[in-house]
Structures are given as C-alpha cells and as structure tokens.
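Pasting in a structure now, in structure tokens, and then I'll have a few things to ask.
Chain naming follows the written order as A, B and C, and within any one chain the residues start at number 1.
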Amino acid sequence: MSARKYATVFAIAARDQVVYIASFLMRNVFFVIILFVFYSLWRVIYGGAPDGVAASGATTIAGFTMVQVLWYLTFTETIELSQTRVFMPISAEVKDGTIAYSLCRPYSYVLYWISRSMGENIVKIAPMLLTGFVVATLFVGPLPGYLTALPVGLVAIVMGVLIGTTVQTIIGLLAFWFEEVSPFWWIIQKLVFVIGGMFIPLDFYPEWLANVARWSPFAFVAYWPASTWVDFSFDRAMTTIVGQFVYAVALLALAAGVFRSAVRKLHVQGG
Amino acid sequence: MEPIVHVEHLTKSFTMRVKQHGLAASIAGLVRPERRTIDAVRGIDFAIEPGEVVAFIGPNGAGKSTTIKLITGILYPDAGTVRVMGMDPHRQRKALAYRIGTVFGQKSQLWFHLPPADSFRLLGTIYDLSTAETVKRIDFLTEVFEIGEFIDQPVRKLSLGQRIRCEIAGSLIHSPRVLFLDEPSIGLDVVVKQRIRDLIARINAEERVTVFLTSHDAGDIEKICRRAIVINHGSIVWDGTVKEMKYSFLNRRIVEVKMDGPATVSLPGVTVLKQRDYSMKIEVDLGVSSAERVISELLRQSSIQDITISSAPMEEVITHIYERTGRPAPPEPAEVES
Amino acid sequence: MDRSNRRRGGMLRLAAHYFRFNLSASMAYSTSFVIQVVGMALNNSAFIIFWMVLFERIGGDIAGYALADVMFLWSLAATGFGLGVVLCGNAMFLSRIIYSGELDVYLLQPKPVLPNVLMSRTMVAGWGDFAYGIILFFATQPLSLANVGLFALFSLLLGIVLVSVRVAYHSASFSFGNAEGFAGLSGELLLTFTLYPGSVFRGPTAWVLHTLIPAAFVAYIPARIFRAFDARLLAIVIAADALIVLVSVLLFRRGLRKYESGNLIGTRM
C-alpha cells in the first residue's frame, strides 16, 4: 500500500514534467552546447601531447581515449543537468511555514520529496541520454561497448541522481537552522564537480588525490556511473552498484535523522 | 477651471495569444500562435476637476486598470488623447511622474525586506527631493498616517493594514497633485478600511490632492467619493454623483412598516422580504408600482405606526451594475429621498 | 517648486543612493552575506582546480593558452560578472519584471526606466565573485600599473556587456510573453564561453562568439591585448562593446513601446 503511494507521487510528477516543453528544450540546448564546448577543448588537448596509446591505436591520456572522455562527460552532465533543485521548494516550505501542513499528511516527508523529485528527474534523464547519444556520436563517433554497459550504466546513473537528490533533501531541511541554504548546495555541487569528477575523470588527478576522491560519496554521483559506462568491466560495475547502494542507504538514514531533529525543533518553537 | 485629468475618445486594445489545449496544439502554438484582439477600452471620455474624489468602478476585466495605466503613462493609447495637468502622459512620462502619486495594491513600491523609512528616503532621491525636504516630508507623513511605530521595521513584518498605510504615505512623498489608488482597501478589515478612508479624505481636504480610486467596496465609494464613473466592457456606462447613481441604477426601495393591524401587499413589482406579526419588510420596484400606491394600499388595510423607506444598499447597486451587460441605464429623474 | 536644477544630477545621485541602499540591505543579513560570498568563492575554486589538474596532466598549453591565460579569463569574468550583478542585479530578472507587469513601478517614477530598474536590486553573491576575481588576478598575473589598469577596464567592460546582453535578450519578453528561459540561457552561455580558451572554437562557432554571444569582445580579445598590448585591438574592443550596449538599449526601447503591463498574461482562455 505504502509503496503505491510513493509510486503515484512519482507518476504524477513525471506527467507534470512533460508539460514543460520550453524548459525541456532549453535544458537540452544547453546540454548540447556544453558538450560542444567540451568537444572543442578536448579535441585540442588530444591533438597536443597524449601520454599513451590504447589497444585500438587511439591515443590516451590517463588511460582514456578522447572518445571515452567525451562520452564520460556526456554521462556526468546528464546526471548534473537532470537533477531537479529539490532543496529549493523544501527550504521555501520550511521558511514560510507551510511545512506544518505537510507534516499532517499521511506520508514520510523525506520520501515524498525524493519520489516526487525522482519522478521529474527520470523524465529529464531519458531524453538527455538520447540527445547525448546522438551528439557524442556525431562529435567523436560511437562509444565501444555502449550496449554491453547499458543495463548497469542506466541503473548507475539513476542511482547517482538518487544520491544527489537525497543530499539535496538534507540541504533543504537545513533551512530549519540557516536562513539561506543555497550556499550549501553550491558547495556540495562543487564538491561533486571536483571530488566527484564531473568535468574530468578522477584518473587525471595526481595519484594520492584520485585515491581519496574515488571513495567519497561525490564520486558515486558522477565518476563511478560515467566511468562504468565508458570503461565497462564486471568488477567496476559491482564496485559502482554496491558503493552507490551503501551511500544511498546511509544518506537516506541521515536525511531521516535530520528530519526528526528538525521536527523536534519545530515542536519546541511552535513553528 | 481647467480639468486636471482630461480623457477624450480613449481607446486601447490588446493582442493576446490563445493558449491551446493538448500537447500537439501547444507545440503548434509555439510555432504559429493563434492571436485574438481584446478591446480593453473603447473610446471613453471624461474630465476630472482639481480637488475631486472620484470612484472608478466596474467588474473585473471592465477596463479599469487599463484606463489608469493609460492616464499614468504606463500604456500608450491606440487612439484618443489623455491630458493630465496639460501633459501627455506617455510623451511627458517623467515630467508627469513628479506630479502624480500611485498606489497599486499588487505592485508595491516599498522594498519587502527593508523598513519603509529606507524606502521613503530612496523615493525622496528618485523624486529629486533634497535630503532636508525628504526628512521633513517623511516626518509629516509619519504623523498624519500614524506609522511612526513601525516605520523602522522591515515591510515583510508589517500587517496588511500597516503596509497599505505605508504604501499610501510613500506615494505622497513628492507631494503629488493627483493620487491614483487601485483597490486600496482590498483584504482589509472594517476598522482598517475606515481608517484608510479617513486618511484619503484628509489628504484630499488638507493638501487639495485630487483622488482617483478604483474599488469594489461599497463603503469606499459611498463614504469618500462624491462622484463615480462606471465602466463596463471598455465603455463608460455612468458618470455622475454617487447619490444619483444609486437611484438611476437601482430604482428600488426597501420599505419597512409597522402596522396596527394585519395587512398584506400583493402589487406587481412588490416583493415581501420579511413578515412577522404586524411588521414587514418589502422591496418595491418604483418602475412598476409607485411608493404612493404601496402606501395607500397599506393604509387601506390598517393604520401605519412606523415607516422607513430606504434605497437599496450600495452593495446591491454595485452587484446590479456588475451583472448588467454594459447597456447604459435609461436616464431617470432622481426621486425624493425618504 | 522648481526642481529642474537638481534633476540634471539626479541619475548619478540616484545611482549612488541605490548602491548604498543595496549594500546596507545586504549587510543587514550579515551571516547570509558572508555565507553567500564565501559560497561563491568556493564555487569558483572548483573550476580553478579543474584547470590546474588539467594543465598539470597535459603540460604546456591548450591552443596557445597557458594556465595563467585561463586564470586571466577567470579573474576577468569573475570580477566583471560580480560588478554587473552587484550594481545591476535586476538584469537577470528582467523577463519576469516585464511579463508580470512589475515594470509599472519604474514607469511611474521620474527616472529613465532601464537604469532605474537595473540598479534597484543587487545580488549579494556578486561580492564573492568580485573579490575572488581580484584576488585571483593579483595571485596569478604579472603585476604592473598598466596591467592593473587594463584589467580594471576590461572587467568593467565585461560587466557592462554582460548586463547589456541580458537586457537585449530579455527584451524579447515584450513581444513574446515570458522569454525568461531563453534569455537566461543566453546570459549563461556568454558567461560559459568567456571561461574557455577562445582559440579552441573555430569556424562557425567563432562567428557566433563575435556576434550573438560576444565572448570574443569581452574576454578573448582582451586576453590577447593583456598578453601583448595592441592599441588597434583595444579600439576595436571598445567600439564593439559600445555597439553592443547601443543595440541592447535600442531593443529595450523598442520593446517598451509594446509594453502591455501584465495585461497579456492577465487573461487566460
């Protein structure tokens, strides 16, 4: 019964999202342009001084061919651009006090927002994967092993978005303690950019930094899903899925904990 | 005397895109939107003399806001002319802005997160007052509007009534000659409404500010306006004194009588609203049965102990106006008030 | 009352008042101010780290740009962007102001509409960018009086052009209802392109970057002038930027004539 409740929230949010054709177009246009910027940049970089050669004869940097780098960025940008900024409505509800009404409804507040936001995210992910497929193929050609990695890749990308969304939910709830929460979002987002390998595979980093970054939750949002798809092996796939599962559970528990202490604060202060 | 606001054959229409239903139609609409023309104001004329307080009334979508925006220079007319203090509002927008004040309920000129005092000082700069002039004017308005208590609190923390008082005070910083108020009393409780009305009346009396206000509130119109202009479907359907308006628009009287014995009235155009013992409350449509006929009918049956004849309440007049389809009422001579 | 003498200096006095007003308004929430400024600085650092890692890995340069040149683009963009959003914070909200009819408030005030509406809001986070850009400049660039002067000039031009480009695109809202998404994207793209080595974009893209998204005139050519001073290029940059400002003001004016004060969306059928 309860699972159906969240499934309905998910479905309604998904349908609602389809209506926003204009914002859909904007997002995909931006996506294509940013991929074009990356393509322009990496084309020049790979034309310069590569540091290795792949089995296929293509030149590599940090073990990645140019085809792999661009496809990698296609996947990380899909994860980044498809994420609804769910911390915004949550923090707005907290600030204007409407959260008090939401608390009366018969559902878990945290799960409500996560299902709702994931509904919107999925609708954004699907066309972006398609756009990314077409654009990346046109720029650098097809990704070897795309289909082999597809099943795990899809799950890993959705899981990456789920982790990001859960973190956002926690940030939204921080509005109980801070007047302005968007700086927390910027910081987390930038940690995903840097530590998570959003702009560049972590393998490009100096060894020590790459080793630390690789096991952070941020890497499981971007680096692990994207690198699994471009450089598939069952070993890597297992690491990705298990790591994502562990972090997702841990963060959901944290979100629930934050929510509980927020409610206590609400009751003490009477809203 | 030269009218302070003079409007002739003023016309304005808008083109709007028609929103399509369904996904396919929405996409088609993006490429080739279907357009429709709305005539918001259709050739209206009126003149307002300095010092008047005029109510501008009509149902939602009648053209009230468009007219105010044309007079204040926000919109440009398709045809016709507007003169405010001899100026063309659109061409001489800035020159006119120094002489008029506006309060549009929905669009605040106060900064939401800052105390009104800060906004007032900024408005002083916007209207090129010197710092000394601004301070003097703020002091004066603070006293008149009794806003001293909360002038240093952020606007977001004020009640609606406090906020509206500050909005009106803010619109008077530069001592305008004409004040345009769009729905000043919307959402306020009775006591606050009365207070706002008193303030508007006071500003009109003391500073000789001409006031032009739109409202749906019967009290606003009855208590502070001597004159009303009624607009519907973009045309003016009535322009005259508020008192006359009551009679022309709704030719009905409410008669409350206390009789000495049993009595009933069954005349055409007479509705019995309430009847208990020997008392009754009836509504008489004077166009069908005259007051004289009703009273003589009552006197035929018994003698009258007490009688009150009153015109229909203002609310009813307004409802009546709004429900009409925009045909002007046939001119009728005002009858004697009881 | 004759105020004509004072009216001439009115706009400058108003600009100064808006600046003080906005600043004190941001300071009123001092914690939020600090958090936003620090947040923005961290935000920018993320990208700086990306470039450092990239240059470290590949060595040398990217299409003629060394790390220091990319850092120059970053310091220029951050300073100019910060300046733009601190002084003219309403530029990115222009569409909303137009289609919601909020522009009425400014039309009713006796001041030129465009500067009045642009300056009446500030974006606090802009201070973070502004400070970050300056620090980055002093930390990564060769210092001389001439260099500092050029940097100040180019930052100012970038800020002005960024605001102008936003004005130009948001003016579409006068004719097409809500153009917020489209105009927002255009502003976003200009900023994005200024942050990459201009020489990696060739062919048709280079044309776009000299016209619709004029990153060349606010970043790439200034970066070239900064490396090797060229008076002819400097004149071209100033003329091009002036033209951009002119075009955007004209577009706004043309749009203003069509302004419908929120009546367009007021009725839905």
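Following the convention adopted for this analysis, a contact is a pair of C-beta atoms (placed from the backbone, for glycine too) under 8 Å apart; a residue touches a chain by one contact, two chains touch by 3 or more.
All figures in this text were calculated on a predicted structure; none of them were measured in a lab.
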Chain whose Cα centroid lies at the greatest distance from that of subunit B: A
Chain at the geometric heart of the assembly (C-alpha centres): C
Distance between the centres, which are taken as Cα means, of subunit B and subunit A, whole angstrom: 54
Euclidean distance of C-alpha centroids - subunit A vs subunit C, Å: 29
Rounded Å distance between subunit B and subunit C, as computed from the means of their C-alpha atoms: 44
Junction residues of subunit A, two or more chains touched: 22
Where subunit B touches two or more other chains, by residue: none
Residues of subunit B touching subunit C in the complex: 14, 16-19, 36, 38, 40, 61, 65-66, 69, 72-76, 93-95, 97-98, 100, 102, 104, 107-109, 111, 113-114, 118, 121-122, 125-130, 175
In the complex, subunit C residues that touch subunit B: 1, 3, 6-7, 10, 13-14, 17-18, 21, 24-25, 28, 101-102, 104-105, 107-112, 116, 177, 257, 259-261, 263-264, 267-269
Contact set on subunit A toward subunit C in their complex: 22-23, 26, 29-30, 33-34, 36-37, 40-41, 43-45, 48-49, 61-62, 178-180, 182-184, 186-187, 189-191, 193-194, 199-200, 204-206
Subunit A-facing residues of subunit C, complex: 29, 31-32, 35-36, 38-40, 42-43, 45-47, 49-50, 53-54, 56-63, 181-182, 184-185, 188-189, 192-193, 196-197, 199-202, 205
